[in-house]
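Per-chain numbering from 1; labels A, B, C, D, E and F assigned in written order.
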Amino acid sequence: MSRVSIFRREHFNAAHRLFNPSWDDAKNQLVFGKCSNPNYHGHNYDLEVKITGETDPETGYVTDLKKLSNLIKDQVLSKFDHKNLNLDTPYFRHTNPTAENIAIVIYGILRSEIDSGLELKIRLYETERNFVEYPAGEGS
Amino acid sequence: MSRVSIFRREHFNAAHRLFNPSWDDAKNQLVFGKCSNPNYHGHNYDLEVKITGETDPETGYVTDLKKLSNLIKDQVLSKFDHKNLNLDTPYFRHTNPTAENIAIVIYGILRSEIDSGLELKIRLYETERNFVEYPAGEGS
Amino acid sequence: MSRVSIFRREHFNAAHRLFNPSWDDAKNQLVFGKCSNPNYHGHNYDLEVKITGETDPETGYVTDLKKLSNLIKDQVLSKFDHKNLNLDTPYFRHTNPTAENIAIVIYGILRSEIDSGLELKIRLYETERNFVEYPAGEGS
Amino acid sequence: MSRVSIFRREHFNAAHRLFNPSWDDAKNQLVFGKCSNPNYHGHNYDLEVKITGETDPETGYVTDLKKLSNLIKDQVLSKFDHKNLNLDTPYFRHTNPTAENIAIVIYGILRSEIDSGLELKIRLYETERNFVEYPAGEGS
Amino acid sequence: MSRVSIFRREHFNAAHRLFNPSWDDAKNQLVFGKCSNPNYHGHNYDLEVKITGETDPETGYVTDLKKLSNLIKDQVLSKFDHKNLNLDTPYFRHTNPTAENIAIVIYGILRSEIDSGLELKIRLYETERNFVEYPAGEGS
Amino acid sequence: MSRVSIFRREHFNAAHRLFNPSWDDAKNQLVFGKCSNPNYHGHNYDLEVKITGETDPETGYVTDLKKLSNLIKDQVLSKFDHKNLNLDTPYFRHTNPTAENIAIVIYGILRSEIDSGLELKIRLYETERNFVEYPAGEGS
């Protein structure tokens, strides 16, 4: 048996604004600048889900990428695609929807759906030039 | 002298919703589906501006791409980047911000800023898979 | 009203071999080289469908890209994705599945499904470096 | 001296089908779906070879990327490009040509050709959205 | 018979500076800015060659893309790749190596090598965001 | 608190030649081939800067990507963009400007500008097919 990492890339389009509700508007504007526009802006988010584990000797799969794609669609895209992350999801009422926090939320959603013997990592592209990974580092 | 087309690609991130104000919410939802989410969604828009004309024999330029880039930043990105297209710009109060209409609006903004002897065409990517060109066809 | 071109990009994965059945194996090998491997090879084809027409004043659409995407899935991807173009489709029994001919076939499939008042053009990427467009040129 | 990772990206086009010969056709179809089409389908595979080691103080290279490119062409592309992975190579007679297994096979081919003091990792893209890495994790 | 456009994409890496020898250094610096650095800068140029014509009924090709690729390598890449465009080629002694002029030069090199019944167009990417096409427009 | 990696991608265009000044021209030519062209060649370099650390509970940022972008522009792009790496910068007088060494130099420039509690990694693309990472491996 061999440990292999597999990756599935999916997409969603969403609106958001960066906003810390414990700060006043002036401080939010000072810290987050145009990313804190009260009327929101948006992104085409590219989501890469990485799963690491042993290949199954009968299938040659770590896990079936088609099933992983469907899981991401059911558990993540259905909640985030064409949504306002601040208003339309329960995750960012008290959490600022930075790329870092969106990746942590998606990790939390998927972690409980994936076999505990498999490692999970999330890479989220907010733009082609700004992206994040969670959790940092390699290894279980 | 030779007729050459030059292209400059720029980016902006914006929120929008598809909405025809002369229809009720049910019809907007029926026609535009999740693209009509009242809380907005968003995109990383990629904008390609194409200029066609003769090259200047002294510079070898159709037009200076650095100046074109600055023009797009000043006239388009400053108005659209990190904005809500429906709420934060004057262009989509009575016009639905489809990719088609955004391209037509950008054409209108830039046409008056560019030498009338040069042809202008706009390509706008709403996503990598959905994009539009205005005006259609080639030739003046 | 304004003439705008809209584009939708879709993907399919298929096997094929280049083969002229009126030639013997030696001539096929001579002309088509490794592309004529009798056991087939394959590609991730990227398909861009371009539609040109007037925008609808009520929707701001030339045509609904979601409906266009579904049409391409129903009429093209269902027949070509994860298929052997030579063996599993009726189109290439007597026609060599070059990128040129695949584009012509896809044009024929979609032309009858799309409003005759709209122009149609197909761009097909066999690889990132080899691609074709049909029909050639612009026009009305 | 400094440990640096270098990467070389190459491409090959191949046909394959997913198939476990110890199962009957019905089970292969059930598990692998359209990926098990008996007439094969295909992909443009993108192969990234990563080598990690100390830079040579005289050349500033970990290893000459031109030589690495030629090694990949001679040892991998010559065997896989424009081939049917199941029929035209010896590697997948008894091994299912999943992306995971293709990466493991390519690792095996290249490992013996590369200085044992250098680490090797393979990333294989079956499509832009489905890809794998072998071996998983970092560090020697 | 059907008119189809085919495209082949190739790459070269070169140094250049923008410079009009009939101007003094101050004016070159004023007009071309950092692009006129006397010690040169450089680019990964992406070259797309587009050929338009009828498909051959026997091959299904407009022209063999493998032969076109070899022609580009022999006639263009051999002269431009890993070269200083100003110093190492005869083309830019008296012509400023703007993207526009490089495209015109490549068109001139290839036009005489390609069947006069086929149309030719050059697209040259200096960067992902700056690119040009020559000749402008469609049609012969 | 959660450890997250964030990435910012920037670009610069530069000329260089590979050259070891302790070797004669013949040996430089033998080892580095066309990359040692005395008149230089060039690249569009893509630079990815990766920072790993805990997210700030108030901002949800590991570090502000806008500030990171400005830091890279001020400290790296201002020195390298539209420059000749061998002649116009102090870094490659006695060091061969291979991708490996350029990445090591950029790491050195940025390491002193970034909070010592944050990890730093550099990925540098010389072309889409040739790229490097420094330092190799994961973990602090």
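Convention: a residue touches a chain if its C-beta (ideal position, glycine included) is under 8 Å from a C-beta of that chain, and two chains touch if they have at least 3 such contacts.
Remember, it's a predicted structure, so these values are computed and weren't measured experimentally.
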Contact steps required, at the very least, to link chain A with chain C come to 2
Name the chain whose C-alpha centroid is farthest from the C-alpha centroid of chain F. C
Rotation angle superposing chain E onto its copy chain F by C-alpha atoms, nearest 5 degrees: 180
Taking each chain's centre as its mean C-alpha position, how far apart are chain C and chain E in Å? 28
Need the CA-centroid distance for the pair chain A / chain E, whole Å please. 41
Chain E: which residues touch two or more other chains? 128, 138-139
Go ahead and list every pair of chains that touch. A-B, A-D, A-F, B-C, B-E, C-D, C-E, D-F, E-F
Complex interface listing, chain E residues touching chain C: 2-10, 52-53, 55, 58-62, 65-66, 69, 119, 138-139
Give the list of chain D residues in touch with chain A in this complex. 18, 20, 22, 31-33, 95-101, 103-104, 128-139
Chain E partner contacts - residues on chain F that touch it in the complex: 11, 13-16, 34-35, 37, 39-44, 81-84, 87-88, 127-128
